[in-house]
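Mind having a look at this structure? Questions to follow.
As written, the chain order gives the labels A, B, C, D, E and F, with residue 1 at the start of each chain.
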Amino acid sequence: MKQMSPKIPIGKLALLVSSMTEDELEPFSDQLKDVDYCTGKAGSMNMQKIIAAVETAAKRNHIIVENVYRETHALYHAILEALNGVMRGQIGAGDMMRTVGLKFAIVRGSPYEDLEEGEWIAVAFYGTIGAPVKGLEHEAFGLGINHIG
Amino acid sequence: MKQMSPKIPIGKLALLVSSMTEDELEPFSDQLKDVDYCTGKAGSMNMQKIIAAVETAAKRNHIIVENVYRETHALYHAILEALNGVMRGQIGAGDMMRTVGLKFAIVRGSPYEDLEEGEWIAVAFYGTIGAPVKGLEHEAFGLGINHIG
Amino acid sequence: MKQMSPKIPIGKLALLVSSMTEDELEPFSDQLKDVDYCTGKAGSMNMQKIIAAVETAAKRNHIIVENVYRETHALYHAILEALNGVMRGQIGAGDMMRTVGLKFAIVRGSPYEDLEEGEWIAVAFYGTIGAPVKGLEHEAFGLGINHIG
Amino acid sequence: MKQMSPKIPIGKLALLVSSMTEDELEPFSDQLKDVDYCTGKAGSMNMQKIIAAVETAAKRNHIIVENVYRETHALYHAILEALNGVMRGQIGAGDMMRTVGLKFAIVRGSPYEDLEEGEWIAVAFYGTIGAPVKGLEHEAFGLGINHIG
Amino acid sequence: MKQMSPKIPIGKLALLVSSMTEDELEPFSDQLKDVDYCTGKAGSMNMQKIIAAVETAAKRNHIIVENVYRETHALYHAILEALNGVMRGQIGAGDMMRTVGLKFAIVRGSPYEDLEEGEWIAVAFYGTIGAPVKGLEHEAFGLGINHIG
Amino acid sequence: MKQMSPKIPIGKLALLVSSMTEDELEPFSDQLKDVDYCTGKAGSMNMQKIIAAVETAAKRNHIIVENVYRETHALYHAILEALNGVMRGQIGAGDMMRTVGLKFAIVRGSPYEDLEEGEWIAVAFYGTIGAPVKGLEHEAFGLGINHIG
C-alpha cells in the first residue's frame, strides 16, 4: 500500500490562521490560496453556542454546503475533536471553564496528492481559558480533522 | 481583581516551534529570545516512550531542573494535557493509533506582566497520526500549559 | 472455575425491543415471556430527563421495586453504561447533541443457568441524534447491563 | 431546512447482523439487499487487533476501497465510536477486559432519500465480555456510524 | 419516598483502612466489627494486575463468594470506579503512570438501616504515584462502591 | 536520582479532614499543625458552583493568595482531579447526579523533606451522591494534588 503524508497541511494552516495576526500570516498567503478558509470568534464556553458559531460561519462563508447533512456531519465531528484539545479531557469541561476569547479557523482543501482522497476539513481553536471564578487565564489550542465532500 | 492576558504567548510559540520549518520560524526569532525552548521527536505511539522523550529533552536542554520533582510534575501534567489534544479523547488512545511522526516543542517563560505570576511551561505536539493498520494518516496537534518554577 | 455464557440474552432482547416494530418482534415473543420488560421514549438530550424517564418507566411497570435503593442503583448504572454507547465518549455529550427521538427498553431476567446468579437488568437506547444546530441526524444505540435483585 | 430521518437504517441492520442467527435474520433479507455488508469475529480485547480485524474484513469483502485512505479513515472512526459503546467509557478499557467472543458487522449503504447525502457506513459489535480474571461474562454492544464514499 | 444516608459508612471505612496505620485505626475498631474487610498491596500500574490482586484478595479472605459471577461483577465495577479516582480521568492512565506502592482495602457490609437494602461493597486505593520516568511521586486515592449479595 | 516519598501526607490529611468528625480528628491535631487547611460544604452538583465554593473558601481562609493567578491555577487543577474521583469518569457527570451533601478540605503544606520541592496543595471531597430522581444515595470521595507557591 502506498505511504503518503499530507501535501497541503490543512491542520497546520488552520492552527496558524486561528492564532496569527495578519502580518504574521503574510508568508503563508500563497499556501492559503490552495484552500478555502474562514475565521470567527466564540465568546462563551457553552458548547452548543461554540458549535453553532462554527457551523454558522462555515455555512455563511460557503466552506460547507448548507443543505447537505453529510457536510454538516463532517464539520461537526471535526469541531468535537478540536474541542477535545481545548478542554484537554476534563470532565464536564464546558461547565467548568470560563473563556475570555476563542478564535476559530475552518480550512477546507485537498491535502493529498492522490485526487481520489478528495477534500478534507480542519477546525482549529485558539484562545485563552480561565476558571469559572473571575480571574486570569492561559492559552488553549484544539485541532480536529475530517474527510468531507 | 485584575484581568490580564498573557504578554508572552508561550502556547502559541510552542505551536510554531513544533510545526514550522526554520525559515518559517525566522520572523519569530525575536519573540523566542524571551523564552527557553527546545524540540524533539517521538516516533512511537507508546505513551510512556513519548513522555520519556519529552522529559529527557527538557532535562538535557536545561528547560527544567533535573533533581526537583515539582518541575518534573509541572512538565508531566503539561505533557498529559497536550496528549489529550493529540488523542482527541478517544479510548485507550495510544493502543489504537500508529504514529508516523510527531515533533514536540517545550517552551518555558514568564507569560504575565506581573512578576509574581512567575514561570510557566508549554508543551506542543504536531505531526501525523494513522490507524494501526499500515496506511495513510492525517495531522494532529496538542498543547498543554502549566505553572512551574 | 465454571465458564458460562448467558442462556437468556437480556442485552440482545433489550436491543431488539428498543429498535424493532411489533411485527419484527413477533418471532421473539416466546423469548420475551421469560423476562420482564417495558419501553418508553425520551425526547430531550438532557441527561437528567432521560434518566428520570427510564427510572419512572421502570417503576411504573414494576420492573424495579420503587422503595428499594439498591434496585434504583442497579438500574441507574445500567442507564449510564447505555448512555456511554449513545454518546460514544464525546465530551459534555448531552450539551452538544440534539436528539430527535430516542426509544428505550428495560429488560429484567435471569440470564444464567445457575440460579445463584440471580436477576440482571439491561437498558437499551435506540434512536436518531443530530447536532444542536437544527438539521438532519443519524442513528445511535447504547446498551448497559447490571446485576440486580 | 429539510428534516429527514434515515430511510434505510444501516445502524439497526448492523445491530441485527451482529447479534442474530441466520434464521432470525431471515425476515430482514429484503432490507439487507439494499446495502453491502459483511461480518467477522474478534476474539481478543486488544484494541489494535480488533480494529485490524474489522478493517481487514471490510477490505476483503470490498465494503471499502483498499487504496483510498478516506475510506479507511471513515471506517476507522466508525469502529472507534462502536468501541466506545462496547467499553462504556471505562478507563484503559482494553487493558482491563477479557473478551470471550465479539461478533462484528459492517454495513454500507445510502440511508437518506436525498441522493446528495451519499453513502454511510455502520459498524456494530455484539458479544460477551468478562473481567480479566478468568470467570463469567455478560453481553456488550456498540454501534458507530460515519459518512463515507 | 424515604430519605436515608448510610448508617455504616463502608466507603469511609475503606478509605481509612487503606491509608491508616494500625494505631491510627484503633479508634475505629468497633465500627470495623460491623463489616467484613481485608487489605492488600499492588506494586504495578498494570490495570489487569491491580484488578487481579484485588479480586484474589477478596476471594481468599472470603469477602466475596468465589463461584458466583454476580459477586465478582459487583466487585469488578467497584474496582473500576476506584481506579477512576486513582487515575483522575487521564488518558490511557495505566500506561502513563509508574506506581511505587498502592495499598487497597475491600469493605463489605450493610450500610443502610433498612434490611431490604442488603449488602454493599467498597474498594479504596491509597498510595503514591509517579511519572514513568524514574523520579519522585505524590499521593493518590480512589473509592468505588457497589451493591452486592 | 533520589527516591523520596512524602514526609507530610497532605493528601491523607485532606481525606481525614473531609470525612472525620472533630473527635475522630483529635489524634491528628499535631500533624495538622504542620499544614494550612480549611473546610467547607458544597450542596449542589453544579460543577461551577462547587469550584467556586472551594476557591472562595481557599481565599477567605488565606490558603491561597487571592491576587496571584498561578495559585488559583494550581488549586483549580487540584479541584478538577478531585472531582474526577467523585464522578468516577461518568459522562456529563455533574448533570446526571444529585448530591445530598459534599464536604471538602483544602490542605497546603510542604510534603517533601527537600525544601526545594516547596509547597503543594491537596483538595479532598467526601460525601453522599444520589441519582437525580429523588431517592437514596451512597458515599463518594475524590482527591487532587498539585504543586503550588
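What we mean here is this: a contact is a pair of C-beta atoms (placed from the backbone, for glycine too) under 8 Å apart; a residue touches a chain by one contact, two chains touch by 3 or more.
Every value quoted in this text rests on a predicted model; they were computed, and no experiment measured them.
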* To do: Select the chain at the greatest separation from subunit B, using centres from the mean of Cα atoms.
  => C
* **A-D against A-B, pair bridged by the larger set of C-beta contacts** => A-B
* For C-E, which listed pair, A-B, A-D or E-F, repeats its interface with over half of the contact pairs the same? -> A-D
* **Distance between the centres, which are taken as Cα means, of subunit D and subunit C, whole angstrom** => 19
* Asked: What whole-number Å value describes the gap between the mean CA coordinates of subunit A and subunit E?
  -> 42
* Structure fact -> Expressed in whole Å, how far the mean CA point of subunit B lies from that of subunit F is 28
* Asked: Where in subunit A do residues touch two or more other chains at once?
  -> 1-2, 4, 69, 73, 80, 84, 87, 89-92, 95, 112, 117, 120, 135-138
* Structure fact -> Listed in rising order, subunit A residues that touch subunit B in their complex are 1-6, 9-12, 15, 19, 24, 27, 80-81, 84-89, 100, 111-112, 117, 120, 122, 124, 126, 128, 134-145
* Asked: Mind pulling up the subunit B residues that touch subunit F in the complex?
  -> 1-2, 4, 66-70, 73-74, 77, 112, 114, 116-118, 120, 147
